[in-house]
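As structure tokens, here come the structures.
Two complexes come next, and they have one chain in common, chain A, joined by chain B in the first and chain C in the second.
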Partner chain A sequence: MSLLHIDHLSIEYDTPGTEPVKAVHDVNVDLEQGEFVGLVGESGSGKSTLGFAITALSRPPARVSEGKVIFDGVDISTLNQEELRKQRRGGFAMVLQSGMNALNPVRTIRNHFMDIFKAHEHVQKDRREARAKELIEKVGLPANTLNRYPGELSGGMRQRVSIALALSLDPKLMVFDEPTTALDVLVQHEVMNTIRELQKSEGFTAILISHDLGIVLESTQRVLVMHNGRIVEDASSREILEHPKDDYTKMLLSHYGDPRAEHVSVPGLRTRENANEAYKENAHAEDNRTALTVSHITKIYPAHKRGDGEVRAVDDVSFTLDPGQSLALVGASGSGKSTIAKMITAVENPTSGVITLGSKHIEKMHRGRDLRALRSDIQMVFQDPYAALNPLHNVEYILSRPILNYTKLKGSAARNRMLELLEFVGLTPVEQFAAKLPHQLSGGQRQRVVIARALASDPKVLIADEPVSMLDMTLRAGILALLDDLRVRLNVSMLYITHDLLSARLITDNIMVLNQGHVVERGETSKVLQHPHDDYTISLLDAIPKLQVGEQA
Partner chain B sequence: MTQAQNAHVTGTASGNPANGPASDKDKALEVATPPSNKGEHSQPRAKHDSADDNVLIRGLRVAGRSFATVWSVPKARFGIILFSLIILIAIFAPVLSPYNPKQTGFETNAQPSLSHLLGTTASGQDVFSQLIWGGRISVMVAMIAGILSTALAVVIGLSWGYIKSFGGEFVGFIVNLFLVIPQLPLMIVIASYLQNGGMKVIILVIVFTGWAWGSRVLRSQTQSLRSRDFVTAAAFSGDSAARIIFHEIFPNMLSLIINNFFGAATSAALAEAGLEFLGLGDSTTISWGTMIYWAQNNGVILTGQWALLLAPGLMIALLAVSMTFINFGVDRLSNPRLREGSSR
Partner chain C sequence: MRYYLGKIGLFLLTLWAAITVNFLLPRMMPGSPADAAIAKLSQNGPVTPEMRASIEAQLGVPTGNPFQQYIQYLNDVVHLNFGISYSNFPQSVSSLVSTALPWTLVLVGTVTILSFIIGTMLGAAMAWKRGSLVDATGSVSSSFFSAFPPFWLALLLLFFLGYVAKAFPTSGAYAATSVPNLSWSFLVDALYHSILPGLTILITSLGSWVMGMRNNMINTLGDDYVTFAEANGLHQRTVMLRYAARNALLPNLTSFGLVLGGVVGGSLLVEQVFSYPGIGMLLFQAVTNQDYPLMQALFLMITVSVLVANFIVDILYGVLDPRTRR
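Let's turn to the complex of A and B:
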């Protein structure tokens, strides 16, 4: 008898007044006691919907239309609220992506544990304190964390607390829904290690839901690949890695690469060597564009509270970005990379140092005409394509604003330019896309609109701030190829800000690694990543999930 | 990598926590987004002519869907019906009222009877006719004062929220000043200075004393919207501050502004009645406020003519109630979480 038996399960989203949308189609899965299974799929594949259904957390408009979930011999759809609540002890638990935000900010971590113990009364009163301590140490936090409030803990620590809370009821089944996606790269690596160790020592059955096949392969013994609501492949991790059967799995796998390898390639993207040849062919003989020079900039923020020290976000950073060149700025969050972007775009002014674009000094710009001229030269591609487009304006309006503001084109000439931009970013047929509203576009298409808007003023420098981190793996290559292509064709220089070393390796020539505002390593991207010297660079590289099966399998 | 692959990600983005912040934002912004018309949008459209048309159709569609959302809330449905009824009565007053409201010469201080449903006043006017006509002034003042004070709140609140400079501090000082001054005494002082100016003065006084709270609320929302990427992107596109405020931020807080309008109109209706009851309005016009003023002056409680006080008082209360109830529906418009039902 398996612990979890999912039998022909289908789930629909049934919003009144619209056609029901089938999110999960006819899923059949059996899970044995103690198994660690990964559930992989892109956004919209139905993996979280399935995860919620397994833990009986489905809420309207989601509705189980067919099939059932049998956990430990009981059909969970027959349980009422009170039975569900009782079974959460020794039953199933879930850790959410936003679990770190689910803690009550005005109660200490100890109170969170005590609430659970009180509700289920499964721990003797005099044992509770010891048990809380034991649990918090299990997830790798010091015992005095119990005295602290959620606001005093970092995101990674809070996610650990939420894992410990889920563990406090001795669940047989734990569902982790993207437990590390909202965390920083380095922290993500550590939290995943903790989850792996816990699973081994506690022996609970675990399902790890993730969009990242690399993370899943590293941790789990068996992988379910989900695509358009169906499980397209169900095999052991080794099998998936070495002999993938489904085309979709193969496609997912092809988008991984090791940035440390000598040659890295991803389908849809030319290798660096080819890219640079193309660039040389295309290079303009008389280059009247000018380089962006940053010299010795420092940004100091005043202390948050009295008693705290001031914050040195960026400390004595210098670099030059020649026309048509691409430079990667990498580092974990808080390393100062976004602050540098803000100073280059004159959103913030540096505390000291000089930034020039040709003869223009950027470091002292505030408002007015100078800033406007600067903005037409330096444009930005935003991280989140869902937030960067006003939901109420159509693509035509969004693209025509910079054209009307920065170029002298008007009327039909401006409109033709708008259509040309759409064609350039590959949104054809252009007339159709021009009339669309952002919510009618997919994430990848939205990001193309964002890029088209950045190109409208014919800029000299493009700052791309994590342009693909919100997109699905398979869409990334397309956007990266587009960025690389336009750098070559339009002779734009690009500052590529990221924590993702693989994409940096794929589209940049040079790299700078930032740690707490300092440049710790710089040089040619391929050389730095193949032979890193600084410990920080090495730890960043180590944190990347490699396509290999962990020791568990 | 082309569109074929891009197409994967459309679909069930809502309800998928893996999308994290993105899908949340989508929800929050969904408020004024037109309905997904997956079938229609793919028709290529003619070069120029349909641009305005499109905006109009889109606007109408938004309005239609917003109304449907408000209508779907039972409380708001009650409010809309009640409100429409009051408006209809005011519009058709000449048809509905049995007598001319200013006509004297009936028996004075009469008790309710079949010929005078609510009795007559001390100067022999028909109270029921007055009640029907009186709605015109009360509703009109509520609407005009509501619109004007909302407009003032929008202009001040949005620019105050968007522009970070010394000017902002100054505006902040003025707004705080208006917030802490007790409204009623201020109204009384101003109204008694500008005596006998009629309705215009009443409206101006209400607007002048009532805009501050709305601008405070709208400013907060503006501050939260101004840090959104699409606002930054508009600045990078070279748009001016005014254009960003009115083309990027304003449409995204429309439901909050409508909410604010009904709130302002409610308090305007109450303030108008209050000022007239105190005798600070034009006591020769007929409105619900002046009806109570005259009723009080003539000591109707002593003569036992309760209807003279109760009827206009009840109408003012119903007008305020109807608009407050409509706001329950508008709330749902501005907070999509309320739309998904009570489960979350």
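Let's turn to the complex of A and C:
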């Protein structure tokens, strides 16, 4: 008998007054003891809804409309609240997506363990402290972590604590819902290693829910691909990788690439060679646009606490961004990439060093006319398109502001410019999109509006800070192609800030690798990524899940 | 430890600033109490310099340079010497305040604390059972009752329960015939007199605590740590109290600090309606009779108690929320 049997399961979101929305459609899955299974899908595919249903954590308005989940021979919908609570020990456990917030901020880590031990009384009173220590060490944390509050731990440490807490229940089945999505690349890699090791040593059955096919293939033996609420493919990892049957799976796979490969291409994006051809054809010679020069900038922040040293966020960084050039700035979080962006946009002033755009000295700007002119020359594309647009205004208003503020256009000329921008970023029919409010747009569409807004003032330099990290894999190519197009058609130079080396390889010609404020490696993107020299660059490349089946499959 | 030392330092600094502003403000205002009294007198005929001198002597016109006055003022504040009341001549301001203060503290203070405790528990329970009948009834009646103007509710209660039903006394803090003492019968009588004003304050203040807590708690119930606690099979009680309610309580505590500080100011309108001899009544008298020393003392006392209450809440916050301690 299988450990988990999902039988014709359908789940609806039932909001009063509207048609119920079917999030999960007729899902049939069997899981054997000890299996490690991946559940892959894009946002809105129903994968998390399914995960919550399996662990009996569905909350209204989600409702199981058909079918059942049979765990260890018992239909979980027949359990009453207390039986369900009791079976959470030795039954199924869940590690949530944002492990950062999965811990009660006002309780110490020790108390989190004690709460569980008290609730289930499966560990003798005098053994509890020792057991908590044992578990916390199992996930690779020092024993004194028990004394700390969640706020004192980093994101990766908190996610490790959640895993240890879930482990303390001696679960037969562990559901990991995007366990590493919110974490930094390097940390993500380490946490996934821990999860794989634990799964082997503890022998629990595991489901890994993720949007990232790479991570899933690397870890699991079997993959379920979910699309629009249905499981479209259920096969071994090797099968999925080598002989995918479903078109959706094939499409997902096609968006992966190894940034280290000699040739990298993704559907919807031209290769670097073609892009540079196109750039040359669009004669930009008459453009006398000026270069952005950054020389020897350093930013030092004062110490957080007395006794701590000052923080050198950026240390002696120099580079030049020529018109029409695209430069990638890569590094893990805390490497100083965003601080550099802030200094170029004069949000912060460097402690020392010089930044010039043509004849303008950016490093000395504080306010007034100069800064205003700078804002029209340098624009930002932000990471989170959900937070970057004012939800109260429609697209027309959002795009009109910079046009009225920074160009001399007025009235119908301004409106035409607004429509032209929408056309340029591919939001057609333009009149319809102009009237929409941000919440009526998808993530990818919102990011296009953000890009259109950045273009409104006809900038010379565009700073794109992780513009695709919040978007689904299949939407990324479109946005990246658009960014690349700006350079070709408008001769805008772009500073592309990212931790994602694949996208850097796809749309930039030059790259700088940043580690703790220092540039550790720089050069042509394709050369640096194919033949990295610095250890840090190598570790960044190693952290990327490769499209290959892990050793355990 | 540094957190607490910092808070104590900040408290002492604001306390000093408040006391000093209280010294400066009256001196910056045009005219003087003596001028006001003389202006009144001059309506009945000319005021001779002798009359002026005697009025000034009676009211106590400051002598010495401003710095000496300031030192004298600080000395007086430390010794709780706020001078003589005009309207209740020749009683000292401090004796008036000390008679009125206990009534307000006991009535408004107890009711405020009670209202906070009941409201918070009710709000938490409603959020826990959100969408249920309890929640719906609670939400509607909370907004209904908190929309009542206190003085109007006071009049309603006074008329129906006091005058028509004759179930409760209609005015005062104790029977007119008795003298305040600590005997059992007097305390019972005082409690009996405090029910109507207490009920008024309770009903009108309860709603904001209920709704505040309910809304905070609905937010924390959606937080991941609550879902995770549930996924770990903790007891429902633990999840509700130690995870959801514990975190939802924190923002409410700040508003509680502000309200608690305001307790000393009394509940002006309610005390007025029930002729309750508390600070609110005293403040009203002071304002209508232009009793400057009394007003100054009362304002200082209200300011200081708001500061003290906020200081206590700050300290409590440090104990309750580890994130603020760093």
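Here, the second predicted complex is superposed on the first by the 551 of 553 C-alpha atoms of A that agree within 3 Å, B and C clash if a C-alpha of one lies under 4 Å from a C-alpha of the other, contacts with A are read in each partner's own complex, and residues count from 1 in each chain.
The rule is simple: contacts are C-beta pairs under 8 Å (C-beta built on N, C-alpha and C of every residue); 3 or more make two chains touch, one makes a residue touch a chain.
The model shown is predicted, which means the values in this text are computed figures rather than measured ones.
Asker: Judging by the criteria at the top, classify the pair chain B and chain C on chain A as clash or fit.
Answerer: Result for chain B and chain C: clash.
Asker: Who does A:413 touch here: chain B (first), chain C (second), both, or neither?
Answerer: Neither chain B nor chain C is touched by A:413.
Asker: Touching A:477, do we find chain B (first), chain C (second), both, or neither?
Answerer: First partner only, chain B.
Asker: Which partner reaches more residues of chain A, chain B or chain C?
Answerer: More residues of chain A are touched by B.
Asker: Looking at A:89, would you say it contacts chain B, chain C, both, or neither? Reply first, second, both or neither.
Answerer: Once the two structures are laid over each other on A, A:89 reaches chain C alone.
Asker: Taking the superposition on A as described, I'd like to know which of chain B and chain C A:443 touches: first, second, both or neither.
Answerer: A:443 sits against chain B, while chain C stays out of touch.
Asker: By the touch definition at the top of the document, which applies to A:120: first (chain B), second (chain C), both, or neither?
Answerer: In the superposed model, A:120 contacts chain C only, not chain B.
Asker: Looking at the overlay, what does A:303 touch: chain B (first), chain C (second), both, or neither?
Answerer: Touch status of A:303: no partner.
Asker: Regarding the shared-chain residue A:538, is it in contact with chain B (first), chain C (second), both, or neither?
Answerer: neither
Asker: Could you tell me which of 5-13, 77-85, 149-157 or 239-247 in chain C overlaps chain B after superposing the two complexes on chain A?
Answerer: Answer for the clashing stretch of chain C: 149-157.
Asker: Same chain A residues contacting chain B and chain C, which ones?
Answerer: 60, 96-98
Asker: Over in the complex, which chain A residues touch chain B? Could you list them?
Answerer: 13, 21, 23, 42-44, 46-49, 59-62, 96-98, 177-178, 181-182, 209, 211, 228, 267-268, 345, 347, 372, 375-376, 379-380, 382-384, 386-394, 401-402, 405-406, 412, 415, 426-427, 429, 431-432, 435-437, 439-440, 442-445, 450, 453-454, 456-457, 470-472, 474-475, 477-479, 481
Asker: Under the definition above, what is the set of chain A residues touching chain C in their complex?
Answerer: Against chain C, the touching part of chain A is residues 55, 57, 60, 81, 84-89, 93-94, 96-98, 101-108, 115-116, 118-120, 149, 151-152, 162, 165-166, 169, 305.
Asker: Show which residues of chain C lie in contact with chain A when the two form their complex.
Answerer: 131, 223-225, 227-236, 238, 242-243, 246-247, 250, 320-323, 326
Asker: Hey, which residues of chain B end up touching chain A in the complex?
Answerer: Residue list for chain B touching chain A: 1-3, 5-23, 25-26, 29-30, 32-34, 36, 38, 41-42, 44-45, 47-48, 54, 228-230, 232-239, 247-248, 251-252, 340-341, 343-344.
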